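One structure is given below, represented as C-alpha cells, and several questions about it will come after.
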C-alpha cells in the first residue's frame, strides 16, 4: 500500500543478485563435496572393522594415516583436474586432440567402411522396432534364461543355488508386488506376509505341520500331499488373506495403507511365532519338508534339494507363466483401469470406476503371486521358521521393484535379479573375478547394498528400465506438470 | 485382577515408553509434513543420537563404573543429551542435503524418496556397525537412579517406585514437546514450517525459503530424536541396530496420531506406549501379543478416522 | 546446469574409481598402516608365501544382518585358530579361512553351503552357526562329504536328521536344558521357577527343554516370552518379581538378556537369575551395566575357566586380532576350527580328501580349550558336562560342574 | 531492505499511469514444461501505477506468465526485468522481498491456519507484522476482521479470495499479481472484489491481473494483453480492446451486456 520508487527497487534487485561471500564460491563447494566424499570412501573401503572398545579405531586407520593422506591428495587432484576442465583450458586441448584423432581415423578408415557402417546403423534402426525381430529376441532371452544353469557362471553350484533360491523366488515375488505398487499404485510394505502364508501352507500340506503336543510331526500327519497341490491351495489362501487385509483398509490413502500393511506383516509373523493351536510350531518351525514330486503318465521325477537346477526350471516356468499373464493383464481393461486409479483416483471414481474392487483385485493378484513364491522357496529350503520372513524382506522386495523400474515387467525382472544377485556375487565371485576372493568384506555388503540403492535413486530415480508411461510421468513431474504419483494425494482428492 | 492391581504401574510404564516414542515420532511427522516423505532413515538419526550421547558420556565419565553425583551428575547428563541432539541434528541435516534435496529438485515421486530413505537407512546403520563394532556399547551411568516416589498399588515384592531415570525420561520428553509446540505455533520458523507443510508453493510466494525450512525441519526432528536416543540408551541399550524397532513403532505412533500433525505424533506416541503397556496387563502372556494388539488398535483407529486421531482435517498445528 | 551436473557426476565417479583402486593397492601391500588390517581382510587370513599349497576352512554363519555379532564371534575364533596354526607352520600346506555369510537366515543356508562346497580347497566347515540354516544346509554337506562342525547350532533334532557329516561342539538344548533345570531344582532348591524365552529358535528350544525337566522334577513353573527386540521389559520384570519365583531362567541371547537384567534389577527381583550359553558373554555385562549384571548365573556346556593359562593366552590373542573381547561361541568356533586342523594334521598330506577328513572327524578325540572334542555316532558332542558360571564383581567366574553342584548340595 | 521502505505519494494524477516508467518488463520470454512449450516468446510491459489485464482462454499461458514473474517457473529463454533489472537467478522466495505480491490461482489459502495467521504469513518477509498493514487490510475487507479467528478452510469462496488478496497485500507489494480473482464467485461478490482491486490500485499498487471475465477486467484495467496459445496476439489500452469486435466475439460473447 505504499509505493517504492523505481530506482530503489532496482537497487534492491541488484543487491539480491550480488555475489555471495567468498566461502560460498561454488568452486570451494565442490572441493568440500569431493573431500567429504573421499573421506567417507576412505572409511567405506577400509577393510578394518571398528571396535566397540575403541570407537576411534576406524577413524584413526582411515583418516589419520597414510591411507587418509592418499585419499585426500587423490581427492584434491581430482578437484584440480575437474576445475581445470571447467575453466575450459583442458577441454579445449582435449577437443583438439579428439578432432585431430578424428581426422587421422578418417584418413585410415576407408570411405566404404563408413558407408557400410551407416548402412548397418540404418539396418538396426529398422530392426529394433521390428515386431518379428523383437519376438525372436524375446524368445532368445527366454531360451538363455531357461538354460542359464548350464552357462558360464551358473554352472557353479553356488550360483545355481542363488539363481533358484533367491533370484527366481524374488523375481516372482517382485513381479507380483509390481502389480500392486507399479500398476495399481498401492504402497504395500507387508508383501512378504503373503509369502509367509504360502510357505506355511507348503509346510502344512507336506505333513510337517502342525505338530502334535509332543512336538513330533510324524505322529500327526493330518495332510500329506504332493507339493504341486500347494500352489492352488496357497493361491486360494493368500487371495483370501489379501481380501481380509484389503477389504477394510484399501480405502485408506497411500501412507496409511503402507503402515497398515507393515502391521499386517508383523501380525502374521507374530501369529507364526506365538503358535496358536500348535499350527506353526512357533519359532522352531518345521524341517524336512518334502519337495516337489512328479508322477504322472508313467513319468516319475523327484526334485532333490541338493541339486538346484530343477528348482530353477520350475521357477523360470512360473515366471514365464506369470509374465505372460501379467502382460495380457497390463494391456487389458483391468490394466488401463489400474493406470487410471493410480494417476487420479478421484477422477477414476468420478467416472464410475469401482476403485475399491479394482484395488482389491490388484492386491489379491499380488498376494497370490507372493504365495507362489513362498511355496517355491519353501520347497527348496525344505525347512521353515518365522525368521525366514523378516520385516526387512518386505521392504527389500519393494526396493527391487523401484530399483528396476516400477511398472515395467522387464525392469522389475532385471532389478530384482540384480539386487538379489549382487550381494552373493560380491561375497563369492567365481575364480576369474578378483581371483575368487570376496569383492568386499561380507560384513560390509549390506552397507554397500544400501549405498547402491541410495546412489541409484539419487541419480536415476526412474529405475533401471522404467516403463514408458512412468518415464513420461517422471519427466513431466520434473518440469512441474502434475504429480508423478497419485499415491500420496488424499483419497478425497481435494487440492490443499 | 492383574490389570486393576497394577493399573498405575502399567500407566506409568506406558507413559515412559510412550514419551520416547513420541520424541521419535515427531521427527517422522514433521518431515512427512513438509516433504510427504516417510523418512525411514529417521530411525538411524535416532540411533546416531544415542551413539553421540554415549560417546559423550564415555568421554566424561569413563567406563570404570564410577557414578558421578551432585552437580557433575547433572552436568554429564545434560552434556550427553546435548551431544546426542547435536549429532542427530547433524545427521538429519546431511541426510536431507545429500539424499533428499537432489530428489526434491527433480520433483521425484514419493516412492523414490521412500526407497532412498530405505537405502540411506541400510547404509547408515551398517556404517555405524562397521565404525563402532557390532556389539552393544557400554552406557556409563551419569547419575545414580534412586527412587523418587512410590506408585499407588504395591506388589508382593515391595512398593513400586519411580526412579530418577524415569522422571528424567518423562520430564525431558514433555519439556521438549512443549517447547516444540510453542516453536511450531508461536514463532516465525514455526509458521514457515506449517505453511510449507500445507502448501509449499504458496509458502514460497509469501517469501518462505522452502529449502531452508525443510532443512530446519530435519534439524528439529533430529534434535528431538537425538534426545530420545540418549534417553533410550540409558533406559534400554545401544547398538547399531537399535533404531529399527523404535523407528517402526514411532512411525506407527505418528500415523496413529495423524501423520503430518505434530500434536498428533505426541498423542500417538503416548497412546501407543500405553496400549503396549496395558495389553501386557490385560492379556495373559501379553508381551507376546504387544505388537499384534498395537497394530490392531492402529487399524481400528484408521477405520474410524482414516487420517488418524488428529488427522489433517481437524488439527490446527502443522 | 546440465553440464555442471555431468562434471560433478564425473568427478564423483573418478573419485570412486580412484578410491577403489587405492584400496585394492593397499590391500595387496598387506597393510594400510593399521594394526589389524592383515587379519581383518575379507575372506582369508593371508597365508605366508612359502610355496606350500593352500587349504581352507570354511565358516558359515551370520556375518551380516541382525545376528551378526554372534557370527563374528565365531569367525574371529576360527581366524585365530588358523592364524596360530599358520604361524607354527608345521603343516604341509597353508591354511586360510573362507567366509560364507548366511545372515543366520534359513533362506540363505543352502546357498552359502554351496559356496563352500564348490570350493575344492575347503576341507572342513565351522558352522552353520544357527539351527535354521543348518536344517537347510545339512543335506548338502552330507552329499558333498564335507564335514561341518557347528559351534552353536543347538536344536536337538539336527543330529537326528541323518546328516552324515554334521557335528557340533556344543551340547544340544536338551542336555543344557536338563542340566539347567536340575541345577535350579536341586542345587538352588527352587520350588518355583520363572522361565522366559526370547522367541528365537534357540531360546524356545532351550526353554522347552528346561520346562519339561523342571516339571519332571516337580517344580512349579511359570513361563513367558519376550521376543528379541522387546522395547520395555519392565512389566515382564515386575511380573517375575511379583511371582515370587526363587529362580528365573532367561533363554535367549545376551543383547536382549542384558536389557532384561536392567529391568529385573529395577523391579527389585531378588531370586537367582540365570541364563544359558547364549548370554554368557562379556557383552551381557556391558549391556546390563555392572550393577544389574552382578550375581547372574549361566549354564554352559563349556569349560573356559580363567584358571587355565591357555585360556588367558587365547583371550589376549583374540583381543589383538578382533579388537574385542571373545564372546559367546568364540571359543567354540576356535575349538571347532582346531578340531578340523588336528584332523588335517593327523592326515598329514597336502592333498587330503573331504571323505578322509569327514571320516577322521567322526573318530576324533581332541582336547579343546572348552572341552574334550569327541563325537557320538550321531554327531553330538559326547561330553555332556554342563558348567555353571556366575558374574562376580563384573567378571564371569566358574562355579562348577552341574553334576557336582547338584550332588554336593 | 528496511521494513518500512520510504514511500512516495501515489502518482494518481489525471495523466494516465501508462505514461509512467515500466515496473515490469517481459522480453521474449519462453517457458516450457518438459516438451510442452507454454510461452512462446512473450513481450509484455507493466508501468508503475497501472492495472494491466491479461486475457485469454484456458491454457493460453496467463497463469504461466504470472508464475514466471514470481519466480516459480524459470524461463527457457528471454528475460524478466523488474524496475529495469533482470530477475534471472533470483529464487521465488526472494522475489517477494522485491515487492512482488502474488495471489495465486485457486486462492491457495492455508486452510489449516486462521485468517489472522494467513495474513501474518503474508507479512513473512518482514521481521514483524505491521499493525498498520493489518488495519489497512481489515479496512479493505471488513469481513476478514469478523472472521479473523476462523480457519482458512472454513471460509466461503469469496472470503477466501479476499483473504488471498489481503494476504498478498500484507507483503506491501509494489506490484501485485492477481490470478483469476473472480473464479467461481457469485456476480455480486465479483463486483465487490473488483471494486477493492481498484481501491488497492488507487493506493499506489501496480496490478497485473489475469482474468477470464474479460469485460469486468477491461473496465477496470488501463491496458490489456490478449494471449493465445502462449503468444501475445493483441495489446492495447483497455478501452480499445473493449470495443474491438474480435475481442467482443471471442471473449465477451457471453459476458458482454
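Which chain is which? They are A, B, C and D, in the order written, and residues in each are numbered from 1.
The rule we apply is simple: a contact is a pair of C-beta atoms (placed from the backbone, for glycine too) under 8 Å apart; a residue touches a chain by one contact, two chains touch by 3 or more.
Quick caveat: nothing in here was measured; it's all calculated off a predicted structure.
Peer 1: Give me the step distance from subunit A to subunit B, shortest route via touching chains only.
Peer 2: Step count on the best path from subunit A to subunit B: 1.
Peer 1: When the contacting C-beta pairs are counted for B-D and for B-C, which pair yields the higher total?
Peer 2: B-C
Peer 1: Which chain's mean C-alpha position is the greatest distance from subunit B's?
Peer 2: So the chain farthest away from subunit B turns out to be D.
Peer 1: In whole angstrom, what separates the CA-based centres of subunit B and subunit D?
Peer 2: Each chain reduced to its C-alpha mean, subunit B and subunit D end up 44 Å apart.
Peer 1: How big is the gap, in whole Å, between where the Cα atoms of subunit B centre and where those of subunit C centre?
Peer 2: 34
Peer 1: Centroid of subunit C to centroid of subunit D, CA atoms only: how many Å?
Peer 2: The separation of the two C-alpha centroids amounts to 73 Å.
Peer 1: Measuring centre to centre with CA averages, how many angstrom lie between subunit A and subunit D?
Peer 2: The answer is 47 Å.
Peer 1: Multi-chain contacts only, two chains or more: what residues does subunit A have there?
Peer 2: 49-53, 273-274, 443-444, 446, 478-480, 496
Peer 1: Name the residues of subunit D that each touch 2 or more other chains.
Peer 2: Only 94, 97, 108, 111 qualify.
Peer 1: Counting only residues that touch at least two other chains, what does the list for subunit C look like?
Peer 2: Residues 64, 66, 68, 72, 199, 225, 227, 286, 323-324 of subunit C each touch two or more of the other chains.
Peer 1: If you go through all the chains, which pairs of them touch?
Peer 2: Pairs of chains that touch one another: A-B, A-C, A-D, B-C, B-D.
Peer 1: Within the complex, which stretch of subunit A touches subunit B?
Peer 2: Listed in rising order, the residues of subunit A that touch subunit B are 43-44, 49-53, 55, 58-59, 181, 187, 248-249, 251-256, 258-260, 262-264, 266-267, 270-271, 273-274, 391, 395, 398-399, 402-403, 406, 443-444, 446-447, 449-454, 456-458, 461, 473-474, 477-480, 483-485, 487-488, 490-491, 496.
Peer 1: Considering only the defined contacts, which subunit A positions touch subunit D in the complex?
Peer 2: Spelled out, the residues of subunit A in touch with subunit D are 1-10, 12-17, 475-476, 478-481, 495-496.
Peer 1: Quick check: in the complex, which residue numbers of subunit D touch subunit A?
Peer 2: Of all residues in subunit D, those touching subunit A are 1, 5-11, 21, 23, 32-36, 48-49, 73, 82-90, 94, 97-99, 106, 108, 111, 133, 136, 169, 172, 174, 200, 203-205.
Peer 1: For subunit C, which residues are in contact with subunit A within the complex?
Peer 2: 7-12, 14-16, 18-20, 22-23, 26-27, 32-37, 40-44, 63-66, 68, 72, 99-101, 104-111, 114-115, 117-119, 132, 135-136, 139-140, 143, 155, 157, 161, 199-201, 203-205, 208, 225, 227, 286, 322-325
Peer 1: What residues of subunit B sit close enough to touch subunit A in their complex?
Peer 2: Its residues touching subunit A are 32, 36, 38, 40, 55, 58, 98-99, 102-103, 106-112, 114-116, 118-124, 126-127, 129-138, 198-199, 248, 251-252, 255, 259, 288-289, 291-292, 295-296, 298-299, 302-303, 306-308.
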